[in-house]
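Pasting in a structure now, in structure tokens, and then I'll have a few things to ask.
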Amino acid sequence: MKDRNFWFVIASITVVFLVYWLLGHPYFVTERFVMLFSIVTLSATLLYYIRAAERGEEFYLRPIPALKAVEEAVGRSTEMGRPILYVPGIQDMDQVETVAGVVVLGHVAKMTARYETSLNVPVSRSIVMKAARESCREAYMVEGRPDMFNEDMVHYLTDDQFAYAAGVNGIMLREKPAACMYMGKFYAESLILAETGNSIGAIQIAGTASQAQIPFFVTACDYTLIGEEFFAASAYLSQKPELIGGVKGQDMIKLVVISVIVISAIIMTVYESTGIGFNIIKYLTIR
Amino acid sequence: MFWKRQIPIFIVTLIGSITLFGWFIDQPNVKEFVGDDATQWFDVLASFAIILGALNLIKLQLQKVLYQKPGWQYSIIAVFGFIFAIIAGFFVKGVDDSVAQWGAHVTSDGTLFKWMFDYVFSPMSATMFSLLAFFVASASYRAFRIRNFEATLLLVSGIIIMVGRVPIGGIISSWFIMYLIILCLGIYVNSLKQDMKITFVFVAVGISLVTIGGVITGWPIDQPGIFYLPSIQEWIYFYPNVAGARAIMIGIGLGIFATSIRYILGIERSYIGE
Amino acid sequence: MEFSTILGAWVAAFLTIGIFSYLYKDNPFYKAAEHLFVGVSAGYLLSLGFWTQLQPNLFGRLFPAKHYDPDTITYTIYNVLSFFSSSIFPEGGIDKGHDQHLTYLIPLALGVMMLLSLIPRFSWMARWGIAYVVGMAAGLKAYGYLNSNVLGQIKGTAVNLLDFSLPVFSLSSPSIFNNIIIFVGTICGLLYFYFSKEHKGLLGKASKIGIYFLMISFGASFGFAVMGRISLLIGRFTDLIKYSGSEYNYATFWVLFIIVGALGYAAYKEEDRGVIAPIDNLGSSTEEE
Amino acid sequence: MSKLDKIENIFLKIGSVDRRWIFIVIAVVVIIPLLVPIGLPIRATDTSKSVYDAIEALPKGSNVLLSIEYSPSTKPENHPMTISIMRHLFRNDQKVYVTCLWPDGQFMAQDALKQVAEGEFNKTYGEDYVLLGYRPGGEAVVKGIVSNIRKLFSVDAKQTKVDDIPMMDGITNFKDFDFLFSASAGYPGTIEWVQYAADPTGVPMSSGVTSIQVNEVMPYVQSGQMVGVLAGMPGAAEYESLINQKGSATSGMDAQSVAHLVIVLFIVLGNISFFIERKRSRKY
């Protein structure tokens, strides 16, 4: 009950809705009530934890091996005196995954600034190039090494999928980076990139939510951030309260979903074997 | 600032709330907007985005030609291709009005547009994708490694699906698979105990057990089912696979839901470059 | 056989083999085919988008034939437009079965703003359109995904776990064992993505099982991905075999002969000059901008 | 150097071969079975059989909606399915209504109808089958068909008014169909049909999808929201064997089988050299 404003708003919405309901709820699609209820509860859960984190409450996040490996990889590159290659996917900024990739890039850039390792970021969209440059510049400023930043570390290759993949391959073979990171939205080129990275013996760390490409990354890379892990990565690395709160909120929603599955299964089992209870499936079906 | 920042955020919140809560409102205008117009508007915008993309591309290629950058000769080909497609799309129909009017020409037989589709666009888009068959082959050779237990599980389930789903999987006897498993276990036992004798005894006993089983039952190709590739494949595909796919599906659903809510509430504003 | 078909077969064979020649190394044939593809597909998508979206759906709703009346302002504008292009704006309005919806002026305006963003000074104008798309997608998808990906899948998992009308164990038909597999697999898979608690003890074990299920599922995707790629290759080869027939004047053979000949000659020349061919073709001559 | 070392060296050598050799191997193993078919027997999987059984169980003269949602890039996978399904439907004298959610889909539909309906079965347009054509809008089209198909498709692909098409009598919305088959390669496609048409109305549906998509639709099949699924080119081949009429998918199956085996072999070989390398690097 720490967040008074939050509870106040929730209570007022409930009261207003109850009044509306008692007035005969004109224009309301009654059979979708379950859906409205879930949307409101789930959004409220999310919002509650984001606000809690912003107020300064701290949440624990379990370690993710692939994210630890990022720092190791940067360290190894420094030892070997070779650059780090970072590929933020082949899609534009309108994809959530690209945004997450650029955010992670900022953190990698901080590490390379700290370790004084060179960073190479080929991109395939001009908007992504602008965003990635800003994010790197910012990182080098924060680390107090603006002298090490140069704009060409983020450079545009081409929009075309396969031509881009070929361009990145060329960079890999010429510069032999010690670590390759693929974080963003990938399509068929994932396999071409990971194969070449593998053949030059680089440490490879991938992160994507593209379901069809994950298997190729898992088999060809050393570490892979799968789906939601990748989205959580920016919260881990940035330690920004609102992002961590969001992860916590989503976790809570997941718990709700799991409990609903378990409870519904129990109700169904009891209902079908003994006839006691009700058919919950009916309530979960929304036309 | 107002036009560039506040208005877009307002548009997102407004349209987002209408399309989200419109599902619960039983009013003809709202229903029509949510059910039809909202998507149609999106499609109209998407078409404009395609035009924008095409103009951008041509701008880039023309610049290349004008400044004679490396590879500018190829850019001429690109521009030529574009102009050809535009001519087929807007200027030369290739058939009479009675066969296909303007507008129907993009989906009718015998037009120049259809010719371009059949003999230029189709083969090239299909070939671009089929190139990947070669890359899959070379990656399977050089990159798909059994680095840990997870990758092993992935590759084994992938291989079972790959072989079990095609006709050749059906002619591989379950007894052959059993022998194969015995041999693989033999290798595992060997690496565990580092003793040739134990390995030999293990493999010998295993092979004779399988052989005895085979002789007794008369070597039926698809029995026992748990060693017959098409049956294992079907099981993996229908049960463990669905369980995993469903977990991912729910995860993606929740992720998209959470992100959408953040957009609508204006918490996330990355789309306008913040 | 018609001339246009035979010509088409030659063009298709040339482009197909030209693109395949990339597997040997990046070469002018591939580059030419690739650039042609980029240009043609841009024009193709533009024409298709225009004739299947903008003309019928946008203009068809702004100027429907149903309400044609040359005295109103809208149709006066229409007749002016029609004067410039009678194919896009045929006489008497556009008959696509729509009523007049002047609300479609909004997407038209957003779209025009998007095009104006090509001019650097107006680049911010695209944001309005993007904002609309983001908002619409957020609203519609939040509902759709919550319904079919979350509620629908909860429904699919919440089954009677002790249904004794089913066999206890059966490999490829429904059984209690298989129901439990799905139930346990789904829940453990979800627990793997639980971040705010350390994966130790019971949660650790569950998430371990979860990742195994995810990996089996990825394995299946992997198998299917390979299958799909091979199928497409088979499709291409089937076409090439078709075009190698006498009715197409052996197009495939001729094209193959020309391209292989040219590449072989180039390689021979290079060797003569003492240039060692690069081992890995992909990195050899890629262009960077 | 021991014998084992020599064998290991051979494997390592194979492991570091130029990738162009691998390309050639794949090209050869795909082309040869296409030219010289082996004729491996095709065994239908349960999911394909359920599609066949569902269509076979439809009474004569049922109204079947066939939706075409793919483009030429996945034609080898989807097109044989469409053709087999059409053959099955026409053979059983069903009425076939064809719609397209993808613009390129209309070309594919025309091709298939020309080959099967006109060429093989001599069916009458407008009485036995109709091509309603493409309408833009993705899921909006699906929703439109569910609420009122006559409003959305006021004319067919040949611009004939639907009121003048005899078989459109009595068809007003999605519930008037007895079955839906969607041949799909992505968005919009099968998933939209499940979410907005089959789930809300309860009309049974089935689908033929590309291999890549199979995993996305499997949960729907498992939970009974869809009746079976044809998965990629092998799925199409299985359907061809079920209706007993061989087509392009069947002839591709030998190549597919051999290519899969070769890829599995590649994975195994590659991993052997990986293990040898790892063993040696541990030793030194």
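Annotations for the structure displayed:
Each chain gets a letter, A, B, C and D, in the order it is written, and its residues are counted from 1.
Here is the rule we use: a contact is a pair of C-beta atoms (placed from the backbone, for glycine too) under 8 Å apart; a residue touches a chain by one contact, two chains touch by 3 or more.
This structure is a prediction, so every number in the text was calculated from the model and none was measured.
Under the touch definition stated at the top, chain B and chain C share these contacting partners: A, D. Listed here as common contacts of chain C and chain D: A, B.
Comparing each chain's Cα centroid with the centroid of every protein Cα atom identifies chain B as the most central. Using the mean of the Cα atoms as each chain's centre, the chain most removed from chain B is A. The interface with the largest number of contacting C-beta pairs joins chains B-C. Averaged C-alpha coordinates put the centre of chain A at 23 Å from the centre of chain C. Chain B and chain D have centres, each the mean of its CA atoms, that are 14 Å apart. Each chain gets one centre point, the mean of its Cα atoms, and the points for chain A and chain B are 20 Å apart. Per-chain Cα centroids separate chain A from chain D by 32 Å.
Those residues of chain A in touch with two or more other chains are numbered 35, 39, 42, 94, 162, 192, 199, 211-212, 215-216, 218-219, 227-228, 254, 257.
With touch defined as above, residues shared between interfaces to two or more other chains in chain C number as follows: 23, 34, 38, 48, 52-53, 56-57, 130, 133-134, 142-143, 146-148, 150, 153-157, 172, 182-183, 186-187, 190, 193, 214-215, 217-222, 224-227, 230, 232-233, 235-236, 280, 287, 289. For chain B, residues touching at least two other chains, in rising order: 20, 23, 39-40, 43, 57, 101, 106-107, 117-118, 121-123, 125-126, 128-129, 131-134, 136, 138, 140, 142-145, 150-151, 154-155, 158-159, 162, 165-166, 234, 237-238, 241-242, 245-246, 248-252, 254, 257, 259, 261, 271.
If you sketch which chains touch which, every chain touches every other chain without exception.
Across the complex, chain D is touched by residues 35-36, 39-40, 43, 101, 104, 106-107, 109, 114, 117-118, 121-123, 125-126, 128-129, 133-134, 136-138, 140-146, 155, 159, 162-163, 165-171, 230, 233-234, 237-238, 241-242, 245-246, 249 of chain B. By the touch rule above, chain B contacts chain A in their complex via residues 20, 23-27, 57, 128-129, 131-132, 135-136, 138-139, 142-145, 147, 150-151, 154-155, 158, 248, 250-252, 254-255, 257-259, 261-262, 265, 267, 270-271, 273. Here chain A touches chain C in the complex through residues 34-35, 38-39, 42, 59-62, 94, 155-158, 160, 162-163, 166-167, 169-174, 192, 196, 199, 211-212, 214-216, 218-219, 226-229, 232, 247-248, 251, 254-255, 257-258, 260-262, 264-265, 267-269, 271-273, 280-281, 284-286, going by the rule given at the top.
The touching residues of chain A, when paired with chain B in their complex, are 27-29, 32, 35-36, 39, 42-43, 46-47, 50, 93-94, 96, 99, 131, 159, 162, 188, 191-192, 194-195, 198-199, 209, 211, 215-216, 218-220, 222, 227-228, 231, 242, 246, 249-250, 253-254, 257. Contacts from chain D toward chain B in the complex involve residues 15, 19, 22-23, 25-27, 30, 40-43, 45-47, 71-76, 103-104, 106-107, 110, 133-134, 136-140, 143-144, 147, 157, 159, 215-216, 218-219, 222, 231, 234, 237, 253-254, 256-264, 266-267, 269-271, 274.
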